[in-house]
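One chain, chain A, links the two complexes that follow: it is found with chain B in the first and with chain C in the second.
And now, the complex of A and B:
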């Protein structure tokens, strides 16, 4: 297992190196720079002064090596957007907000979706199944989260005045964003859980269990759900990095000062150090989640063996 | 029976008594609510006696919303960074001059100013006795050190073009050719006299001096940059406010500067800037989270359906006098032919376009300058840009493209701006040009940064594009210089350049008007751009935000006019929170006052 993990993490490091090289090249290739102005472009000497100040007058390969060297020393640079703090400080400030909202969203949507999917499958073709599958989960998948967000704000903030329309700092600020953010992953989870549970419900070994007189509860928990969970790992894994890096729409709709908005503003501003840092976060999260998914398969399904451990 | 009657009688009596008591309590409650909210005659946190109708001193704060999408906030001072200034910037000082709601230059820190007989310098006389919060007095030295700092190549100020060509030796200092101590900013006869030497006779220096929002010379020397003002512990102010909290991702709070000794103490003693990473501001206004919002046409439709906002007055003004126009690369075919450009200018139905897509937050643009802007003219320009498809076709035919035959395919670049509804506008423009003139203009959207990077390349990489410009300072020389040869767009005209130079040097207003009318007529006739609309900004203020700062000005625009609620405007003294604050669900800002 250790050898396997070491190999995977080394591969991940290599992937990250390639990704950063690609992103570094691409972001310098697109037109526009971080100090381009819309009204009056900076004139010759002023532009030269500012590019020199941030080391952008150096050849691109030197800039990359300089960035890589700083990274190895734990320095992600200074964001052009907010040069009063380092990229690390900015991420340390914004990401916890995204992580709190994302963490609660994962908890609610995964548990809720699992329960909904199971109920819908076990009560399939009943009104409850129709309500959970057709109404709730279809609406959750079909409605973009910012639309849900605006609806929630209109009702609970503007009409009823129960909850804040946005902002950050108090526990009640979390309620509407989490609901809006949870709907899609919950619906997705519910639909997949229902499908995989239904598939297992009619499997031979489940019928055999019933024939042997096992209780429905035991059959459901130990025979059906455990097997039904396997395809869900495929769904859950990639969704986690998406949620933990924030939704641009949710954070904008509810004015959350999280990490999500930086994904767009950093690109729009050509904020090179911030773009690279965000790409690194996403790459690490994705890579780690895939590795964890692989490990989870082996835990849930004994038939699955990690490469190198099967013999 | 009698018991029952007695009981009924008691009940009735009891009801009357209870009703009376209830009514009295209600009245008392109401009156106590008002008396609690009323602050007339009392002093606010800055020591100013509040006027009749004002709410209590603890209610005298003003909450504004700011959308941080696409913005970067790293400074609170103009001379630290212009394009990365945070909301509520430039409140820690007093500029030499300020603007009133009629866009007239009025005294700020300077009580008077005069141009030298040779026209090559201006002297501003600073009022004595204005103190910085560190106990030092505001003098000419603060303005001198601030302007020198702005020219320092190491500082790499992002707005150094502003004084280039105006202050003597400024351009050379920015390029590192002369030390910053040699720029034309000196102390005059005493420490309160500031002399600005110019590159030649320049009439608009007082207008440009709206942006003389100084840093403290002592603090600048101590900290080495203007960043000391984004830390509450090191903030040094001579304005009515001081920094209480600086969190550019969420909230900026300016509290009262208890040591304020300037002449412009405002009724509003604290400012709160709520910073949102996008989203819809209207619900935040409707729920009392903020006191004012800048509205979009979509907001107006939604607000009209809400019981709280449907009867609010919509305040409208041009703010920074932004114009949206289509520019051409006039050095390349087909736009190197003036008749082609004129044809397109005559083929825009501005009135209908504005009415259907932008009203009430825009006006049709027949000239480059918005009516109300200094030296703007409109009527003389209308015959040059009026909607006349017949004339447009004739012009195109005269240019060698009868019915659009032989006209090359042209790419029309634009970037999405929701406030100005650019997507719909460029589609309407293109559809009309293609249909009426039989030509083939193809739309291509670019992201904003790419658009401007391509537009600003020399020579420009955009053949035809849709863009805006808002003023930097309040003088025609600013907006009109956008079309100066070698300027923002690829159009050279020696006659136009000559008129601009003449206008800048002329000190008599009537003569300047004549010169700038000629310049505007020439520019409109040569059509290096097709003017489409002047943007108007719409504002809602909560009903308790009152004061003459909101009244209509001489041009009929109301609401807080450009340059906004701050040290550069005298609106600061003319806005207050009225005692009707209890009629609105205003969210209390704790710890602000």
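And now, the complex of A and C:
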């Protein structure tokens, strides 16, 4: 197990190296720099000064090595746009907002989606199934979250005036973004839960359980759901980093000062250190969640063995 | 005799597959209606300049933010531009991107996937690592970065969303060819000395194309989502061009004065994404009846 984990994380590390190199190269491949289009254009010596300060006058490979070396020491650099704080501080300020919204979203959408999917499957081919599957889950998957957000804002903020249209600070600010954000994962969850529950419902061992006269409740909880929920790990896992790093669209719609909004501004201002740091966070989370969901799968489903792992 | 029979049988069997698929698709009423709406949206988009009552940039500041009237069926925006016309022209930009971007992704991804699935070995190893690297950064973030660096606009948006969507096509094509390359009909073709390129394109591709079409149609709503999202952030399509996302952005400030300004593009996006998703689902069920 440890050898397997070490191998997986080593691969992840290598992939990360390539990803950061790629992003680094991409950012520097475009002519111009972050200090070319500020409000007050800098004069020659001042521009030279500031590019030297951030090491932008050096060859790109040296800049990359420099960045990597600093990263190994836990230093992500200083954002060009807000030089008074370090990138780490900035992220520490912005990420909790995204994490709170994302955490609640995960809770609501996963539990809600599970329940909806189970109900739809157990009431297969009834009007309830149709409503939950076609109407709710397809609409949730198809409708962009900012569109839902705007519909919510126009109803609850503009027409009714019940909830704030955006911003951050009070608990009420959370309600609309979380609803808009959780619709997609909830719909996805409901869809897959329904499909995998249906697959099990007609399995032979379930019919066998019925034949033995077990109660419907026992069959549902112990026989159907326990098996049906296993494949969902592969759906849940990779979605978590997506939600926890925030949606650039949701955060723009509701004016949340979270990670996603910083990704937008950082990209626009060519804030190299901040972009790299954000990409790094997203990529590390992605990779880790993939590995964790693979491991979780082997733990709950003994038939699955990790590649190259013997127990 | 057998050769003759095969010649007759082959076209008939392949056309009956599409017939059966069409039959299955037709029976799914939701998919059928969605398909009709999706085609309708495409037609409106193609004929925008003929259908629209006004130009997309025709301003009339005396009539800004008016509600629906006989003259302007959906009212006007803050610059007095006819909302209906802008929604129709918006369909043109949105659909161009929504169809064009997955096309770019397919053109890049499918050949890579085919080569890696068919030949395996080193090519497969490299392709798999490339898939890994490119899935690490989500599509929307990668596209955002590219747009921020190289600028927005319809063509660039199309290109960037296309480039960043290749991995899905690549993975799909790889999986298809990986399973198909060991089939008996491939072995038979090889035994008869058919050149490899011909097996890949003429013999195997028809069996692999169904899931690819489904995936393509399923990419369309996702692309509408992303493209309109970028325009909504002010990064995509620029004024005076009309785009649904751009129109939400315009209408956002006037929510309390005239709701229809924002509501029109929102309904357009919702309608288009729903239509293409339901049509895509119907297509999946029709082309691959074993998947459900």
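In this text, the second predicted complex is superposed on the first by the 295 of 311 C-alpha atoms of A that agree within 3 Å, B and C clash if a C-alpha of one lies under 4 Å from a C-alpha of the other, contacts with A are read in each partner's own complex, and residues count from 1 in each chain.
Definition applied: a contact is a pair of C-beta atoms (placed from the backbone, for glycine too) under 8 Å apart; a residue touches a chain by one contact, two chains touch by 3 or more.
The shown structure was predicted, so the numbers you read here are calculated from the model rather than taken from an experiment.
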Please tell me, clash or fit, for chain B and chain C sharing chain A in the overlay.
clash
For A:16, select first, second, both or neither according to whether it touches chain B, chain C, the two together, or no partner.
second
Should A:252 be classified as contacting the first partner (chain B), the second (chain C), both, or neither?
both
Just to be sure I read the superposition right, which of the two partners does A:270 touch: chain B = first, chain C = second, or both, or neither?
both
Looking at A:68 after the superposition, I want to know if it touches chain B, chain C, both of them or none. Which is it: first, second, both, neither?
neither
Applying the touch criterion given at the start, work out whether A:295 contacts chain B, chain C, both or neither, answering first, second, both or neither.
neither
Tell me the contact category for A:230 with respect to chain B and chain C: first, second, both or neither.
neither
Looking at the overlay, what does A:206 touch: chain B (first), chain C (second), both, or neither?
neither
For A:164, decide between first (touching chain B), second (touching chain C), both and neither.
first
Who touches more of chain A, chain B or chain C?
B
Looking at the overlay, does A:147 come into contact with chain B only (first), chain C only (second), both, or neither?
second
Residues on chain A in contact with chain B in one complex and with chain C in the other?
30, 150, 153-154, 157-158, 165, 252, 264, 268, 270
Applying the document's contact rule, which stretches of chain B touch chain A when the two form their complex?
68-74, 83-84, 153-161, 164, 171, 174-176, 227, 230, 248-250, 274-280, 283-284, 286-287, 289, 306, 447-450, 452-454, 456, 469-470, 472, 488, 585
Contacts from chain A onto chain B in the complex sit at residues 30-33, 35-46, 49-50, 52-53, 80-84, 93-94, 150, 153-154, 157-158, 161, 164-169, 251-258, 260-261, 264-265, 268-271
For chain A, which residues count as touching chain C in their complex?
11, 15-16, 18-19, 22-23, 26-27, 30, 134, 138-139, 141-144, 146-147, 150-151, 153-154, 157-159, 165, 242, 248-249, 252, 263-264, 267-268, 270, 275, 278-279, 282-283, 286-287
Give every residue of chain C touching chain A within the complex, in rising order.
30, 129, 132-133, 135-138, 140-141, 144-150, 221, 224-225, 228-229, 232-233, 235, 248, 252, 255-256, 259, 262-263, 266, 269-270, 273-274, 276-278, 281
